[in-house]
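Chains here go by letter, A, B, C and D, matching the order in which they are written, and residues are numbered from 1 within each.
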Amino acid sequence: MKFEKISFSVIGGDQRQIKLCDYLISHGYRVNIFGFSNVEVNPLVKKSETLEEAIKYSNIIIGPIPCSQNDRDLFAKYYGGKVKVEDIFKVMNKHQIFMAGRLTDKIQKNLTEYGITYIDLLEREDMAVRNAIPTAEGAIQYAMENSDITLHGSKCMVLGFGRCGKVLAHMLKGIGADLSVEARSLQDLAYIESYGYKPVPLGELTSYIDQYDFIFNTIPSLILDSKRLIKMKEDCLIIELASKPGGVDLETANKLGIKVIDGQSLPGKVAARTAAKIIFDTILNAYSDLGVIL
Amino acid sequence: MKFEKISFSVIGGDQRQIKLCDYLISHGYRVNIFGFSNVEVNPLVKKSETLEEAIKYSNIIIGPIPCSQNDRDLFAKYYGGKVKVEDIFKVMNKHQIFMAGRLTDKIQKNLTEYGITYIDLLEREDMAVRNAIPTAEGAIQYAMENSDITLHGSKCMVLGFGRCGKVLAHMLKGIGADLSVEARSLQDLAYIESYGYKPVPLGELTSYIDQYDFIFNTIPSLILDSKRLIKMKEDCLIIELASKPGGVDLETANKLGIKVIDGQSLPGKVAARTAAKIIFDTILNAYSDLGVIL
Amino acid sequence: MKFEKISFSVIGGDQRQIKLCDYLISHGYRVNIFGFSNVEVNPLVKKSETLEEAIKYSNIIIGPIPCSQNDRDLFAKYYGGKVKVEDIFKVMNKHQIFMAGRLTDKIQKNLTEYGITYIDLLEREDMAVRNAIPTAEGAIQYAMENSDITLHGSKCMVLGFGRCGKVLAHMLKGIGADLSVEARSLQDLAYIESYGYKPVPLGELTSYIDQYDFIFNTIPSLILDSKRLIKMKEDCLIIELASKPGGVDLETANKLGIKVIDGQSLPGKVAARTAAKIIFDTILNAYSDLGVIL
Amino acid sequence: MKFEKISFSVIGGDQRQIKLCDYLISHGYRVNIFGFSNVEVNPLVKKSETLEEAIKYSNIIIGPIPCSQNDRDLFAKYYGGKVKVEDIFKVMNKHQIFMAGRLTDKIQKNLTEYGITYIDLLEREDMAVRNAIPTAEGAIQYAMENSDITLHGSKCMVLGFGRCGKVLAHMLKGIGADLSVEARSLQDLAYIESYGYKPVPLGELTSYIDQYDFIFNTIPSLILDSKRLIKMKEDCLIIELASKPGGVDLETANKLGIKVIDGQSLPGKVAARTAAKIIFDTILNAYSDLGVIL
């Protein structure tokens, strides 16, 4: 898929946006950036002095992932000053498209006020599934780094069989773990069995919980509560992958001396280039879905 | 899961129902049967002379899968005479539950008229997913039997990534096929990639179609039409797994000399005992879901 | 790898030799054949009337696999008459090379008397390993055909971890079997564990033997003797893959009603075209190893 | 396997020996140690003041892995002072057995002079194969840590198909890498193909070398020389697993800016507890093989 003549602005973000510039440039797109003052970027992008200049001639404006951590200031890891999210919208015109991650209700309301076409990249299913790959691989890396036993041959539990659970289970099995997967629905449990993992219905989790060397949680509600934590092996390692506040009673885990590793936002941390490639593909897919032909 | 004091009637069917009797008996349930005149069955079941007698004392009445092939006569492979489906309902009481497969609108209407609680086993997701295992394994067996090359190392395509497509793809990859999977949604294509298969969007299928040694179809609409068939290798083998009328233009395939193997109803054909075990588990799950405690 | 100007004679054999002709022709080699009177062959080969004519102008003479079943007559499934193996040697000259399978001591002695350079294809490690693929896949096909349960989820045992054991284990695991592998050496048992199969030392085989639904034997000595057979499940299926006399006490198995499937010579039976491709590659590898440049 | 009444001395070493003590104690063996002054150890072991006292009552004396780094001083990471290897032998009697790793010719000569029965644990095939598991997993961890792309979907090359190559290839494939394996023999190349990896004969390595994102070397001779390095991707990551001096021209790699990660002695570094378990099992296997029954 290659779109002729479109150009991009990349405004703020972290390593992923910097590497995204590399992909855009290497595919022949023109790129303007703003919000990367103290970091090296691809020499073929155009660094603009002002937001207005950076955005003026582009078709697609790429914001950070997440767009903002407080609904007001743009997330821009490598920028000395501050940029207001709304300042972007002020200088955009109605033919331009805004794409970024985690566009909250407040930000969406703001976009609508300005009449701007926008896409929340994190809401795209294709991005979400593909992001499960660096997330799962990062979870495996963290598990390896924080343990003195191998994953191969150890008893692992994946809590939840959504996007991340599916991909992580596949990899853990592939690396030789003795793998169980917890799920609620009979349908998911049947899939789990068909893939050769041990299915554990939620109702039976407590009675097996004392077996595991590693527990990977993908469920964003309190599944590892004090009753379950107290039964676990003391040297069991928990990797928390669910979004905040996660599924682990951290206070109790702490008291019991059970290590909980924070696996938030893994793609950008462990595989920024792969994460950038996923963003790149998703941007083009999203643009294609909009049916925009310039 | 074990339910005390409940008993079963098994009325008609094929090898799967006969082996189902073995599972019921070995788990300590009482079983009455009717509709198996010319076949050997477990000696611990009670063969009744009449429908009424066979059904009278049971809690659950198990019909065949499919229940009927013409909406009137019961499917009973090993019975000399004929049994009307409705005759079963006539002798059932309101505390009894009827479970069978493929309960058409007409049969369901009839059941409602008699005020009977019923479950279509084929509509249960847990049964459908688990049935994908013998279906996929049967498809692999048929492919092996009808070809003079190995699946290992050959180019295979699975059309569709639903229940059967997922499980079949997993097995084909496991046996060493060079595997592509066709799907429509970007989400499914992302999963396909994450599992290590080659993703082929529907729109690109035609341009790759000349590569495959084996094509397994799980899509119940005309996907292998004359335009695609004409581009295929002459010695490509098609295994049709979608329900009638399937996804292959049989007339054109026939003219072109492309072999199409009918893979309908594989579980009962290639692995009747496994199929019976799946029915057994599903019956108990369904009964449990009804929340009936006697 | 492509050798210019060399030509082949294919003398006797079965479907594999017929398909071998297809490979030779499609790679641009000239092929003379003899010993295929009542079967259709590739129209581009030259059918000769006499052995002498068939062999005269070729560089490499391909015999059957096995070359002979009685050390005297050539194995030629599709030939009305009889051909003596020695008659081939009589018409060969010293620049020609003879390649066939299972060249017994007697045949080798005969070849040496005639001063002929020869290669036993079955003694080549590359052929032996690659033949393990159709053998393993055939074993899986036979297991599927002779059982009413799926391999997926069933308890399988592979006896022996040589070429065939390794490849078969890999495929059975890939298809979802619950797999154990028996071996003697601690080294092999360590590999078995590293690949995720259950290692069973020979000394512990007897105590586990009552668990298996399928046993695949690759060991050519009496491993399934009466003491072990008597402990096995009555409906366990044995697939015998070891060369004659195999590893099963057939008389006892027969008395006990345990089914034993003969899996001799699977490549030619279940995947003749793949088998021919392996022969084709091996012939060229062997020729290359000889360092013959004409 | 459990031996009654035998007792152990553990003299010097690193974390693996400390965790080995845990395994020995938890299996009910008596353990004396020496050479662990500034580190915490299992409270149930007996810390002796002198070598003589530590060794006196034991059947098996466990030395470090490697035994020494200079053929004279014992390798003892957690000991303030120095211990001469020979001092151990001086206080041993002829009924005691010495087990350690990498017993050089010089050390073996010394052992023979003292008439001591000894075993080099690193020479045991079972230990070597099982050590390949933490080595492979450590290699994967190092690759993940030193790259900004995922292994999943990236082009990986494993040079060599010995113990470590086999296990590493299996895991990389399991995690979703696009995997090639280099080997010399046609037999190994046939196995590589049968396992679904891309086989690359040594002779063709140079022409493919520009493709890989990750290269894992297990060959202890100069395979990645300047001619090959110069063709590689600049951001290719090399993980060196072969024993010193390894297979990479480090000077050229350095000049070219190609990162080479040292993967020596991974088991003790990344998975000390698993490594200790392997040592524990190997000690008992070796003892059993000696046929010593006290």
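Here are a few things to note about the model shown:
To be clear about the criterion, contacts are C-beta pairs under 8 Å (C-beta built on N, C-alpha and C of every residue); 3 or more make two chains touch, one makes a residue touch a chain.
Just so we're clear, the structure is a prediction, and the values are computed from it rather than from any experiment.
Taken together, chain B and chain C share the touching chains A, D.
Of all chains, the one whose mean C-alpha position sits at the greatest distance from that of chain B is D. Chain A and chain D have CA centres that are 36 Å apart.
Averaging C-alpha coordinates per chain places the centre of chain C 38 Å away from that of chain D. Remark: chain A and chain C have CA centroids separated by 51 Å (rounded to whole angstrom). Residue positions 133, 152-153, 170, 176, 193-194 of chain C are each in touch with at least two other chains. For chain A in complex with chain C, the touching residues are 152-153, 176, 193-194, 196.
Put simply, chain A touches chain B in their complex at residues 124-126, 128-130, 132-133, 166-167, 170, 185-187, 189-191, 193-195, 285.
Interface of chain B with chain C (complex): residues 15, 19, 133-134, 136-138, 140-141, 144-145, 147-153, 170-171, 173-176, 270-274.
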